[in-house]
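Below, subunit A partners subunit B and then partners subunit C, in two separate complexes.
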Partner chain A sequence: MKVGIPRALLYYRYGEFWKSFFKCLNVDFIISPPTNKKILDQGVKYVSSEVCLPVKIICGHLDWLKNKATHLFLPRFVELNNGLYTCPKMIGIVDIARFHFQNYFQIISPKIKNNFYWTHFKLGLKLTKNPLKVKNAIDNAQKYLNSYPKLKANGAPKILLLSHFYNIYDYYISQPIIETFKNQGFTIITKEHLDNKRLNSTKGFAKNIRWVYERELYNAFYYFLPQVQGVCNIISFGCGPDSLISEVMLNEAHIQNKPFLQLIIDEHTSATGLITRIEAFCEIIKKRLDNNVSSIIL
Partner chain B sequence: MKVAFPYLGYDTIALKKFVELLGAESCLGPPLTARTLSLGTKYSPELICLPFKITLGNFIEALEAGADTLLMAAGARKCRFGYYHYLQENILKKIDNRHCFYAISQYTPYEFFFKKMPQIFGVTPQKVIYATWLLLHYSALIDYFRKLIRLTRAYNFYDAQKKELEALRIIENVSSFKEVQKAKKELRKIFSPIINTSNEIIRIGLVGEIYLMLEPFANYEIEKELGKLGVLVVSKRSLYRHLKHLLKLDLFDLRTISNAYKYLKDSPGGEAIKTVGEAHIFAKKNIDGIIHIYPFTCMPENIAYEALQKLARDYEIPILSISIDEHTSKTGLLTRLEAFVEVVKRKKFKG
Partner chain C sequence: MIKTYLGIDVGSISTKGVLITENREIIAHAYLRTQGQPIEAIKNLIKELFKDNKNIEIKGVGTTGSARRLAGVIVGADVIKNEIITHAVAATYFYPETRTIIEIGGQDSKIILLKDSVPVDFAMNTVCAAGTGSFLEHQAIRLGIPIEEFGDYALRAKKAATIAGRCTVFAESDMIHKTQLGIPIEEIIRGLCEAIVRNYLGTVAKGKDIQPLILFQGGVAANIGVKTAFERALGIEVIVPQHFLIMGAIGAAFIAQDYTQKTKSTKFIGENLLDINFKTKTFECRDCTNFCEVIETYKNTQIIDRYGDRCGKWSEKLPNII
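Presenting the complex of A and B:
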């Protein structure tokens, strides 16, 4: 038995947890390599052209895994803490995988509906008979869920890079963006720099948002907005939740007179175009800092 | 009080009567035109789906016509639709700040009957319940009318056009439960002479997102165009069924969901599960083809699209998926429909 885990979508959030979990249970697993051009090109073939980039990427990863693993681990995240939904595409991705890759491997897709712990416990019991071992494995793995990078304080101007984890930590997508900001001398803040309690707070507009990752994005935006010099929001084309919440954030940023850059990406986006836009955006922030002008409206 | 709500195809008549029953005047603005869409697109976010743009344009035109109370369905879940009203409220406030905007949650019947509606219209909860009960019957009448007109269009399109006006006049004059029953009989009388049941007709099932299916402006009058091509359109979606679904009275729901289970193990939100379930039922019932319409970048329907592709392979049934946005041209759509109908015809009559 060899379990394949695609390095895409939810891997960037729960990947370390799953790695540790399977290692403790002595399950052999294989993780697809970081996204590259070939994987993306394969993925595009499987789904309709309208879905968002991360879904196309995960299909490419599944394609890579298809002859290398006997089982596929792809949990179905329906609801997370207190009935917050993930997103239609994350719920449906398991079905899409079933349509295309049913013949290649057996799909293990536990359904997570407000029961992250128990779902993994039940899954563990199928793999080993010893419940104590399963409990230990989950407890060991859990430390990876709540680890956050510490924010280094220096004098450099700060930029808030707002996007889903599967966009930011997939370096194939985000590398040109992050590199350009760093080259321009900015410190990048992401939502992972905020603690769990603040991320899930229900203050203000956040209580209306029922998508769990969007709520986190909005809370991070709301908390960091006064501290940063500009906000950059990466949206994958066709992302439904982002199209709404980004608009709300854009309005808020306008009211507070903060520069706000929306970058919409898909598989046709060229890195050069992105870099030019980001450089122009950085120039605006720098000019504002130099002149202390707060009346430039973006 | 002049109340406006978005147009909803033929079912607008039922909703209008509902509002008038609660003691308010309805002021919906002019019928939907290209101007509505361009107004809506102008003020909408870039990546939002089509129903948002049309309903927003609709509200702007209603405000121009003098409406002062806007009603919008809400209910935040997995689909974007539940969040429309937050943005629309903000956008409309910038355009005209003399109106009240109310979001009516679909999934909380108790609040609807006892808090929200009595508060907006200043009536007792009993009146709201009575009005909703009548709304259910009005929409049932319209559902029946749509069934008849689809059948008539398939056999004699130009006759259907004439009779449609006559039938709509009857429906508009209905104002009580007794008259609904009477109108049903009259409708049957109007449409009966041209209904014959020969097998030489092709049947195409229509599935997709509910607003696009109900509002002819949004779907470029797809039902009419298919009728012109001599196709009998079969569709299970209507305001009547949706209301029954919300009030948990629809038994057909269970059948749909159990049929969808083979393709979607869990609802991805919106109407995706119904789309797939209905398509599966159509495929089993030997319907000749399925047309799936949805707004461009609609999240749940995109998942349904993948499921329908699989269903098409499993049952060898032709499926045409059409995603619609403000740039869709009617001519292009017609060409696709004609080609699809040809495919279906050839498949059916090849022997």
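Presenting the complex of A and C:
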């Protein structure tokens, strides 16, 4: 038995947990490599062009895994923290996988509905018959739950880069964006720099948001807004939740007079177009930082 | 010798250039089609600009537009600036009161908001060409009306036919349908102008606070029908500046002037660039699975620029990067 894990979507949040979990249970697994052009090109073939980029990317990873694993591990995350949902596409990705790949592997897709640990416990029991071992594996893995790489932030001025973790930590997507900000002399903070309590706050508008990751985005936005010089929001073309929350944030930034840049990305997005926008955005911020606003030398 | 500064704006549809003096007078300007051959277009532009101006000395060069980098390495630019900034600089020079710049070019459109002569916000269209110059031109050809007369047709109409502005395909089929219904061509053209404005205000300018003074520039600003439609939709006067086509190039020249007055030198390689054989080549790097398309620019046989790699291994090897 060899379990394939796609390095996409929720991998960027639970990947370390899963690695530790499977290792403790002595289950052999393989993780697809970081996204590259070939993976993306493959992924695009499996879904309609209207679908968001992260879903296209995960399809590419599933394609990469076929013939390399006997099982595919793809939990169906539906509801977290009572009443908070992931998005319909994330929930449906299991069905896309079934449709295209069920001849290649056996798909392990436990449904997660407010029962993250219990679901993993049951899964563990199926893999080894030893409940103690499973409990140990979960306890061990738990410490990895909130550990994903934070982009280093040092020195001002700061930009809040707001996007789903699977966009920001998939460097194939985010690298041109992050690099351009760096070249312009900015440091980047992301929502991962905020502590869990604040991230899941239900104060104010956040209590109306029923998408778990959008709520995090909004909370981070709200908390960091006074501390940063500008906000860059990367949204996937075709993403329903993003399109709503982004508008809310845009309005709020507008009221507080903070520069806000929306970058809409899909597989056709050219780095040149992104760079032009980011450069202009950075120059606008620099101009604001200079008190000498009357000069036109830019 | 008159001291001059050169500004070049190379977009996907058109290539524009100006020569300005120390006093910011425009002594020559040119507008050409890029026709997918930016290098040729840049050379022709230089030829055109220098044709009647033998007695000049170039003190600084700025490039802008989507091919600003290529233009910059070829001519030896002192500054390479993105088009948001150059448009803003030119606009505020001529109209210091400007708060909003509406720019609709051949294939893209943008909005720039300014405060105290400084750009504070902007937006560009993303993927869709609906409502840009090339779409208008396509419709003009299809209707058999010279594009220059489009605006006058629109003005003659008493009312506008309803045309969908969201998408070129829908707009076109709407127009065909309306023609078949026997609606006069003037009304259809006016409808089209209004659709372009609606599209612009609903996408590019969405949520932006449009304040006077409003400048309308870029190729589509030549169309009085669209200008009028903007005024009707916004309820305020819209100004089309005299040099609406070349504002980007003018801004680039201004910035080059400001910059080289500090550095006291220019990197401009001179008119002999016309005799140099420039080429761009692309290759797909296969060293890893990213398969980057690396773009190289050659000056005769020497590589002068290379970019497009994600890892930086190619661009960093460049001998004398500009």
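Points worth noting:
Operating definition for what follows: the second predicted complex is superposed on the first by the 282 of 298 C-alpha atoms of A that agree within 3 Å, B and C clash if a C-alpha of one lies under 4 Å from a C-alpha of the other, contacts with A are read in each partner's own complex, and residues count from 1 in each chain.
Heads up, the rule we're going with is that a residue touches a chain if its C-beta (ideal position, glycine included) is under 8 Å from a C-beta of that chain, and two chains touch if they have at least 3 such contacts.
The model shown is predicted, which means the values in this text are computed figures rather than measured ones.
After overlaying the two complexes on the shared chain, residue contacts for A:N130 are found with neither subunit B nor subunit C. With both structures placed on the common chain, the touch criterion links A:I264 to subunit B and to subunit C.
In the overlay built on the shared chain, the residue A:E283 is in contact with subunit C alone; subunit B does not reach it.
Of the two partner chains placed by superposition, subunit B and subunit C are both touched by A:N251. By the touch criterion defined above, A:T272 reaches subunit C but does not reach subunit B.
With the contact threshold set out at the top, residues 237, 247, 251, 264 of subunit A are in contact with subunit B in one structure and with subunit C in the other. Within the complex formed with subunit C, the residues of subunit A that make contact are 33, 36-39, 172, 175-176, 237, 247, 250-251, 254, 259, 262, 264, 266, 268, 271-273, 276-277, 279-281, 283-284, 287-288, 293-294, 296-298.
Across the interface of their complex, subunit A is touched by residues 45-49, 76-80, 82-83, 86-87, 90, 263-270, 272, 296-300, 302-303, 305-307, 309-310, 321, 323 of subunit B.
Considering their complex, residues 66, 81-85, 88-89, 92-93, 116-124, 126-127, 207, 209, 254-255, 258-259, 288-292, 308, 310 of subunit C touch subunit A. Only residues 47-48, 50-51, 76, 78, 85, 87-89, 91-92, 94-96, 99, 111, 205, 208-211, 235, 237-244, 246-248, 251, 264 of subunit A touch subunit B when the two sit together in their complex.
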